[in-house]
Structures are given as C-alpha cells and as structure tokens.
Amino acid sequence: SGCGDTSDSSDSPGAGGAAAAEEQEAGALRISAIPDTDPSDLAEREEAMGAYLAAELGVEVEYVPVSDYAASVSLFGTGDLDLVFYGGLTGVQARLRTEGAAVLAQRDIDERFRSVFIAHRDAGLEPVEDVAGLAELADTRFTFGSESSTSGRLMPSYFLDQAGVDPAADLDGEPGFSGSHDLTIDLVESGSYEVGALNEQVWRSRTEAGTVDTETVREIFTTPEYADYHWIGSPAMDERLGEGFTADLRQALLDLDGSDPEEAALLEAYGAEAIIPAEASDHARIEEIGRTLGLIR
Amino acid sequence: MPDPRTEPTPAVSLQGLTVAYGGHGAHGGRPALDGITLRIQPGERVALVGPSGAGKSTLLGLCNGTVTPTSGRAQVLGTDPARASSRGLRALRSRIGSVHQHLNLVGPLRVVHNVNAGHLGSWGRWRALRSLVRPLQVDEARGALARVGIAGHLHQRTDRLSGGEQQRVALARVLVQDPDLVLADEPVSSLDPTRADEVMGLLCGVLSRDRPRRTLLVSLHDFDLAVRHCDRVVGLRQGRVVLDLPAADVDQQARERLYELESER
Amino acid sequence: MPDPRTEPTPAVSLQGLTVAYGGHGAHGGRPALDGITLRIQPGERVALVGPSGAGKSTLLGLCNGTVTPTSGRAQVLGTDPARASSRGLRALRSRIGSVHQHLNLVGPLRVVHNVNAGHLGSWGRWRALRSLVRPLQVDEARGALARVGIAGHLHQRTDRLSGGEQQRVALARVLVQDPDLVLADEPVSSLDPTRADEVMGLLCGVLSRDRPRRTLLVSLHDFDLAVRHCDRVVGLRQGRVVLDLPAADVDQQARERLYELESER
Amino acid sequence: MSSWLAEDGPLVNTRGWPMFVEFFAATLTPDLSADFLARIAEATLTTLSFAVLGTILAVAGGLVVGVLISETWWAAGSPSRGRSLASRTARQAGWLVARLSLALPRGIHEAVWALLLLSVLGRDPLVGVLAIAIPFGAITAKVYAEIIDESASGPFEALRASGARRGPALLYAVAPIALPDLSSYAFYRFECAVRSAVILGMVGAGGLGFELVLSFSGSRHGEVWTLIFTMVLLGAVVDRWGSGLRRAGGRRWRTGGTVLITAALAIAALAHLGPDLSRLFSDRTAGLFVGLVDDLLPPALPDGGWSRLLEDSLETLQMSLVAGSIAGVAAVGAAFVAARGRGTGASPVRRIAGTAARWLLLFTRSLPPPVWALLALFLFLPGPLPGALALAAYNFGILGRLCAEVVENLDRRSHDHLIAAGAPPFSAFAYGTLPQAGGRFLSYGLYRWEVALRETVVVGVVGAGGLGRLLEDQRVTFDYGGMTGTILALVVLSALVDLISNAVRRTLR
C-alpha cells in the first residue's frame, strides 16, 4: 500500500536527517500535503506526484509525511518543505507566515468545494434548503473535524454564523473537534454528537463505499461552493533549485492533464479532472473569514 | 523418657533441620542452622542463647515460617509451616506472636495502629481498614501500652519514639495479639535492666483465657534474665545446639564455652 | 575546681541545653532534654545510662549536630555544631564517629562499602565514587572487620547479616574513621557478653597516631560494661542529669533509683 | 462554567453502545496483512530509535537536575533550625527557584515543544529527540527529586553526621536504596517515549504513534488494534526487562548487560536517525530562534481575557481532578494486586490475579488518550464527563504500573512481618505497605494530575473546554503570544501542584 512505498523511496521517514542533508546538496524537491482525509492513501498519492514531478522536472523528489497541520505550516515557514498541497485555511496561514510563497495551482474541484452537514436520525432534524435553514442546529450537539480544516471547521463555522448560530454559545455544550472527517461520521453515527460537518468528498466516498449507515446518519445540507485546496511553493526554491524553477514547477502541475494512464491515475487519486491555475486572490474570502473567526491572526 | 503416646503434642518440634542461605556465605558454605533437633512442650519457656551469628534468628524464623528449611521437618503447634496451605499457614501464624530483632514496625504509622496490627490475624479486611481510619479497640491498645510503660505515646508516630519505646510498641503488639506461642528475638535489647525484667515477666505471663501458660521461645544475650524468667536454656553455636539444660543448671563454664571467640581472628 | 584558664578545652561542653521536640509529645510537653549541663574532658570515657526514653540518644544527637537544641549552648571539640558554617560543621563531624542506635547502615550495599563509608569525611568526591565501583582500601576494611570478628562477611550484602553482625559493621565503620570523639548509642545491644566486652575495648582503644586516648561517650544499658570500660557514669532520667559519678562509685542503690519505674502506670 | 456532574439531561449515550462493542470486536480481526506488518516493523524501528535517544537524554539530564532540585540536596542534612535566618532563607529560595524553574519545560506539552523546536531547527530527527527529551527530562527530574527525598533518611543523615559531603553521602546512602525506583521510572519513561504519538508524526518522521493516528482517524479498527497490540507487546518486553533488572538483587551481569545493551541501542539509533547536530548552532537556527522569541513575546490573553483564562483553568482543574481521583484510587487497588514478588505465601490464585492485573494495566495505558476519548463518547454524551473518564482510564494504567513498582521496590520487612503474624494479604498491605508507600503514591498521583492538566488531545473531541483546548486552538492559529499566556497559566498550575505535592509529602515524612 501507499505507506509501504513511502519508506522505500524516502529511505524510511526516520532516516530523513542524514538523507535529507545529502539530498539537499543534490537539490531534492521536498513535497508534502496536509494530513487530510484517508491519510494512508495520501502517501500513495503524494508518492505518485513525486514520481511525476521527478520525471517532468528532472530533479529528485522527496515526500515528507507530516501528521499535523500546524507543524506542516511551521516546516514550510522554516524552508524545510518546497511544495505543499494545502487546504484553503492552512494555505493562507502558510503564505502569511512565509513571505514570498507563491500559489501555484489548484484542482478543478477546488474552485467549487463544498462541505456537508450530517445528522443522526434521532436528532429529528430535517434537510434544509439554504444556509439560513441551519438555524435549526441551535441547541444540538455538534462536532467539527480537525481544528485547522477548511471544510471541516472554517467554512461550516462560517455558514453556521451566517445562519445566526454562534458555535461557541448557541450549541448544546461546546462543539467537538473529532480530529478527522472519518471520525466525524463515526461520532454522529454513534449518537454522541447529533450533527457534524465534513468535507463533501469524504462523505461521498464513504457513502459510495457503504461504510456508513445511511439509515442512521443522513445528509441535511450541502453548503455553497468555496475555494479550498491548492499548491503553494516555497520562496527559496529558485535560489536552491535554479532560476525559474518555480515557474517550471507551476507549469508541470498545470501540464498534468491525464494524457497518459499514469497521469490519469494520478489525477484520479486527487479526485480531479484537471489541474488549473490559481491566484492568491482566490482565497481572499477564506482569509477574511479566517480573520473574522479568529483562526488567522 | 515418657511414653510418646501419652505425651502431649509439643508446641515446637524440629527434626534434623538445616538452613543454608543461598549465595556466597561467609562461612565457606557452612549452613546457618545445621541439623537442629529440638522439642518444646506447651507452656515451656525456653531461652535461646549463643554468640552473634549462631543462628538464633534463623531458628525463630523457621518456627513462624518466614525461613524455609533446606532439609528436615518442623512442626509448630501441630502444623508444619513449610508444608501448610496458605490458609493453614495464616491460621497457624495468627496463634504465634513474634517480636523481630529489627522490630519491623511501620514507622510512619501511629503507635496505636502498630499495636492494633496484632489483631490483623483475627480481624477481617474491613475491620482492619476501618481501624486505620479511626482506631478500634483503643482501650485495649492503651492497656497493653500501659503494661509496657508507654501509654502516653498512643497517638505518636512510631518512628519518633526512642529505641526502647519502639521495642515496647512491638511487645505491646504481641500482648494484644495474645498468642499461644511467643517467638521473641532479643525483645529487650534496648531496655534498661528494670524495664527488661518487667517486660520479660509480661511475656511469660499466664494467658488471660482458659489456656495454659503461654509457650515462650526467646533469644537473649543476658544470661541473668534467661535464668530468671525461663525454665530451660538452649545454646546455639555455629548453627548447632551445643547446650540444652534446665535454667538453674547452667554454670559459668558453660557460658564461657558457648561464647568463646572463634579462631577466625 | 581547677582554674578554667589552665584547663584544656573540653571535648564536649553542654550548657543549659534543652531540646523540646515539636508536636504533641507524650509528656505533656516535657522536653526530651531539660537544661543539661555537662563537660567531658578529652580522653575521658563516659557512659550514659538511664531508663528508656530518658534522652540519651537525643543528647548524643546534639553532640554531632543532628539534633538542634531549643535553647542552651553546646561546644564539641571546640566548635558549636548548631552555629558552625556548613564547612565547619563538616570538618567537625569528620572528627566524630557515631554509632546510631538503629545502626543506619545501607542495607543493599555490600559490607565493605558500609565500612568504607567511614572514610567519606576525608575522601574526595571522586575517590568516593571510584570506591563504589571497585572498593578501595579493602585491606583496612577487612582489618577493621576482623577486629570485630566478622572479616568473612566483607563482600556480603549488609542486610543479609544477623543483627549482631550488622552492629559490628557499624562499629567497623567507626574504626576505619578513626575519630577523636566516639558517640556510640547502645553499640553492643545486639551482642553477646563476650563480644560486647571485646568491642567496648576496641572503642575505648588508644588512637593509633600520636593523639591521646579517644574520647568516648557511650550510652549503655549494661551497668557492668559501663563500670568495666568507662571512667565516669552519667545518669539521665526524664531529660535531666540525675547522676554523675566516677564509674567505681556507682552503687546498687543509685542504679535502682535511676531505673525506678515511673508512676505513670 | 457548568457544574457538570450535576448537569441536567442525560449523560449516557445508549445509541453508541453497539459501536463500542464493534470497536472491541475488532480485536478479533486485527489487520495482519504482510504489507501492513512490514509498515509496522519499519515504524517500530523508527519509534524505538527516537525513544532510545530521547529517553537516554531525559534520564541522564533528569538525574543530574533531579539531585539539584531535591530537598535533600538543599537541606543537606544540616540542622536548619540553628542556622542563621539569612542562610536558611537563601537555601529555601534556592530550592524554590530551582524547583519552579522546571515547571516551565514541564508545563509545555510535548506537541507544543515539537512545534516550537520545529520552528527553530526545521526538519531534523533532532527535533523529535529533543521534543521527547526536554519535557520528559523535566518530568524525570521532578520525579527523581521526589524519589531521592523519599529515600533519604537514617543512613543518609548518619553519613552526613560523620562529615561526608552531600554528593558522596547521596551516592553511598541514597543511591543504593533509590536505585530500584529510579530504574523503574527510567523504564517507564522509555515505555512512554515509545507511545508518544503526536511528536514524531509532526516532525515528519513517522513511527508507531503516527501510524496509530492515521489508522485511528481513518476509522480502520483492524489496523488500530494491530498497532495497539504491537505497543502492548513492546510494553511487555520493556516491563519484563525492567523488573528482571530490579529483581536481580545485585546480580551485576544484569546491570552490566543493561548498560551494554542501552549503549548499543543508542549507537544503533544514532546511526539510524543521523541527527544533524550542527543545526543546533547554525546561523539559520539563531535567526529562527530570534524570530520565534519575537513571536512568543509578549504573552497575550486569549479572546475573552482574564475571565476566559480563569474559567478555562477552573474547568481544567475540575476535569483533571476527577480524572486524577478516579485513576488514583483504582491504581492503588491495582497496585495491591499487580505488585510482583510478594514472597512467601503467594498462592497460585494470587499469582494469576497479579499477572492478569499487570496485563490489564499495560493494556489500558497502551490505548492512547484519543482512543479512550472516542470509546468514552460511545458510552457517554459529550462534555467533561467522558473527557474525565478517558483521562482516568489512561492514567489508571500508568499510575497502576508506577504504584505497583513502588510496592515491589519497597522495603517489605514490616509488611512481611505482618504476614508472619497471620495478617491476611489485604490487611498487611493496608498496614505495612500503604503507610510507607503513601508518600510515593501521592507524589505519583499528583504528578499524573499535573499531566492531566495539560492533556490537550482528549478534550477537543469530547467537546469540553479547558486550557488544553485553548492551547490547541492557539497552536493551530499560530497565536504565539496567546500560547505563551496559556502556557504560563499551565506553568502556574503545574508549579502549584508541585508545591502542594511537596508540602503534603513533607508532612507525611
């Protein structure tokens, strides 16, 4: 599986130090991704991306698995990661903490990303039509996913707010932070929390795979679209890997169009049809919401 | 010798007992006890004497089952401690009162609890636990302490007492336990002659209930005390019984021979 | 009385010393020591006697600075332990050898280390550490152990020894320390008469170097030993000095009065 | 703040029980695919490498610092009542400062340490090692100081009274007595390092904890159980090794063997990880350090100001207190059953019960707090109650082990004497062991309480507040000033617990 490959190509995660130091001389490109859904598939996907970029750009590529959102942002800040596939919120955080970091690209689906609200059958909640309908979530037991997740926390928080529900005050008790989208489903299914919000992509794949009891848990609302995941590049890349490297990298990402089976498989792993250009301004709204909610300072 | 069939069961009967402590002993492997055969009748009061290192404490430990013999058989109050079931051993032990040479009191505990520990063999768990919270049978404990002369210390921490006071706490514990057999290892070593005399008298005392005199096996360094309070003197030397006489018959020469310094030095 | 100006500095001089242990004592607040005034000349050998709880151990503790007086002044080998700087106190203490009533040996350590601990006052840090890894001055330790009759136990774990053997380890420690003043708290309580006599002789022994006789302050319960080995007998009772006589002058009546049982019971 | 134990409404979540059962049913179907096992083997190797280096540093540092902050060292056997007021005050102040200054490294959670170190040193195995070594070292120092204080008594005073310096006196009179406890704790630390889940994943190093987080947050129960069983197994090996060493009773080859094996492991781990020591002193590090300090200072209040901080502190106290008390009482009971080597009179039934109890303890502490929290949520509705229970369950495993080893290492003569007088085992434990072990139990109990104070992971998922929650919030939003403020609050609480612990134990001594 994915993680098996991890250890092969990066010469075991633990050996990072010595190996990384050497590779740094050779100018390895260090890529990473935030530890979002289904983390062991994440490794497989990133390994494949690494292979693609290595072939495309003629550099060595090392995948660095990082299990924590904040740690990943810090590592990007210290210049230990070159190319990271971040969520909307973490991407903004990373750019704010790293001057000169560039937004490189995004998936076609990231332009119009969505979250879903799910509820336990016994909570007696009916599916709602619009954001304002979320007002019925007042006084329910509610859980987010991970603290730094855009689709599992930031945007659901925002939409709740829009509906006049203050997560800190208007729910039944404090909101939970399940830690991941999968656990959000489990916890709502167990009835501990009546309602939860998560990444639409995960919800769809779990229901398709049949690993969630749709009798017990059902979707009550799919949010409007917002921009989410994107790749950002470290400002130090050009200096270390050669003038114009950032531009080449952006192009390599955009060139990923599924023209051969491997590329197609890679795109599928990302759940995307194509990679499209992205601008910093695409995430201005995220930044604004983040600031309002106190998640960006 | 009396007919064995009519003879009462001895309180203590040791047959060819040998105890060899493991490890590189200092005696080139000489066992601490070496084929001891000894028989003590109920009600007898026996003083165990002998030079330091002779095996007195080891012999007392055998009698309450804290030391396991390497070979030989022991029979104490009708039971072999080395072969008894754990329930049987516990029943036996609650009939034996021991005063250890190092006292082995629980220092941080108050005196009253250390005395009450003499009841543990008969108290149930909960009673024991309850008493730790709020001491039970305090009057009895106070009475026992009064008999050894330290009633005033009832509520003090045990490790704050003077050496002799601590020794008397250990004795008071045996008094409340009121056992059939007392095994006392130098029980008065830290007491002045007058108090030592008093306490020996208490240990030898007749039991309060309908039982006969308590059986007493006590190791002593003070020959005068032994002669005054005991019926019989057993002398150990290098793990062997070298003397076994009625108390009145022990003469100066026997004493000197018993304690003679080893050629070792 | 001799002229104070020509008199040598006393080895121990206590003036109106009172020690009241904190807490709810058993004596309705009676201090453990109550205005003790005592003067011991260098080379004197003084036996401290008195009933259990009289304050003997407390008085010995005062002399090496482990007990702090509530009031009064002490002067030991020219220094007041309660007022000395920590360096001064250490220098003083390395000249004093103590045998504690509870021995205070380190059980898990081998005998040789417990004896060598007598050197710690003079050894440097590294020497001390090195000796723990591989014992130094082993011959000296063996010699001291031989003098108390247990040379064979050099490498045993100390807590595996018999009571009397442990006591002799504590004495061997003082022998290797070779101090100017010995404070011994019932140093022979676990020894048989013959070995007790031997050991007392060793403690009283002339120092090996060019110093005069060692000063000895020893608490004892055995009056005969006291008279045989000491020049002077000081009797304590309820924290007060009630007897202070040359050893030869102590009569039977004085003894009885000293040990009389308290009216408490 | 809600008085949450008397909260109205239901507390129990009956709907989740089937999922609770389902989770445990997965014990029967752990993921044993070759792929996954290979991954675990790799992760085990990595984890062990970090754990070995981190523990060695923590224990070595803890020992030195532990001596220096022990009361024994500062009081140094001299009769303090007679000394001048000035020197007494100086001593007291010295001790207090030394002691409190350790509350800082200790009060910061490993995950926060990892983040801070990461922002300075970048991605290097060094970060993982230090993130284990620094907080563990500070805790070890505190625990060692207390062990030393509990062990120093008659023999130590006696050596001081014959003029020994405090160092040699400690070596001769305290070390031999404290050694079993010190080594028990070192082995326990090693076990903790193996379990330390968050840190290694954060520095991109993987490891067992990382794998567990992955499998757990992906809801793959089969994998979770395989990982937990691996940790239980590792824990059992460490446990056996430690107890074998302590019971050797002076068998020098075992001690020597342990030293050799440890040294070999350390070298192997160094070779495997290859930490880049030069990073510690590079210009880049200095620059990043200045930047971090700049971010961290000045401390700031959280949104909601003092009242939020106070409220969260109280809630944290409340939850940790409940967790600590439940765990403490249960652990003492477990210690009675689980302690090995009860000498003469241990019936086969007791021995079997003892083994079972030890495995139970090992198992409860091998389930990481987030897993416990999830399980608690299957049984109870969100709020501080399941949080407290999750913390209690985890800490029960830890405290039970610590207490059982205290009992094993104790001077058992008084206890055995009671047994020899016919006391039933429980009564002998109550009279002979508890009074002597009480101080140590209390100090471990309070120390776990302190740890529970800053346990961040659990509270989020159970939907409870508290300082841990607050800190986590600040951590993920990079509110460094706020983090400093919260950490200071935690440090104050830690220091308070520490002082209470000391005061109580002093009255017991």
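Observations, loosely collected:
In order of appearance the chains are A, B, C and D, and numbering begins at 1 in each one.
Just so it is clear, contacts are C-beta pairs under 8 Å (C-beta built on N, C-alpha and C of every residue); 3 or more make two chains touch, one makes a residue touch a chain.
These numbers come from a predicted model, not from an experiment.
Chain pairs A-D and B-D differ in how many C-beta pairs are in contact, and the one with more is A-D.
For chain C, the chain with the farthest CA centroid is A. Chain geometry summary: the mean Cα position of chain A and that of chain D are 33 Å apart. Look at where the CA atoms of chain A average out and do the same for chain B: the two points lie 77 Å apart. Centre-to-centre spacing of chain B and chain D amounts to 45 Å, using the average Cα coordinate of each chain. Put simply, the C-alpha centre of chain B and that of chain C have 29 angstrom between them. Shared contact sites, meaning residues of chain A that touch two or more other chains, are absent.
Within chain D, not a single residue touches two or more of the remaining chains. Those residues of chain C in touch with two or more other chains are numbered 102. Chains touching one another, given as pairs, are A-D, B-C, B-D, C-D.
Interface of chain D with chain A (complex): residues 13-16, 19, 35-36, 38-39, 42, 45-46, 49-50, 111, 114-115, 118-126, 198, 201-207, 210-211, 213-219, 272-276, 288, 303, 370, 374, 377-378, 380-383, 460-465, 469, 472-473, 475-479. Those residues of chain B lying in contact with chain C across their complex are 21, 23-27, 49-53, 56-57, 101-102, 146-147, 149-156, 160-165, 167-168, 185-186, 189-196, 198, 221-223, 255-256, 259-262, 264-265.
Chain contact summary for the complex, chain D toward chain C: residues 76-79, 81-82, 154-155, 157-165, 167-169, 171-173, 176-177, 179, 250, 411. On chain A, the positions that touch chain D within their shared complex are 1, 3-4, 6-7, 12-21, 32, 35, 37-40, 64-71, 73-75, 77-81, 93, 97, 120, 122, 141, 143, 147-148, 173-180, 182-183, 185-187, 189-193, 211, 294-297.
Contact residues of chain C toward chain D in the complex are 64-69, 81-83, 86, 89-98, 100, 102, 104-110, 113, 117-118, 120-123, 125, 128-129, 132, 157, 173, 177, 179.
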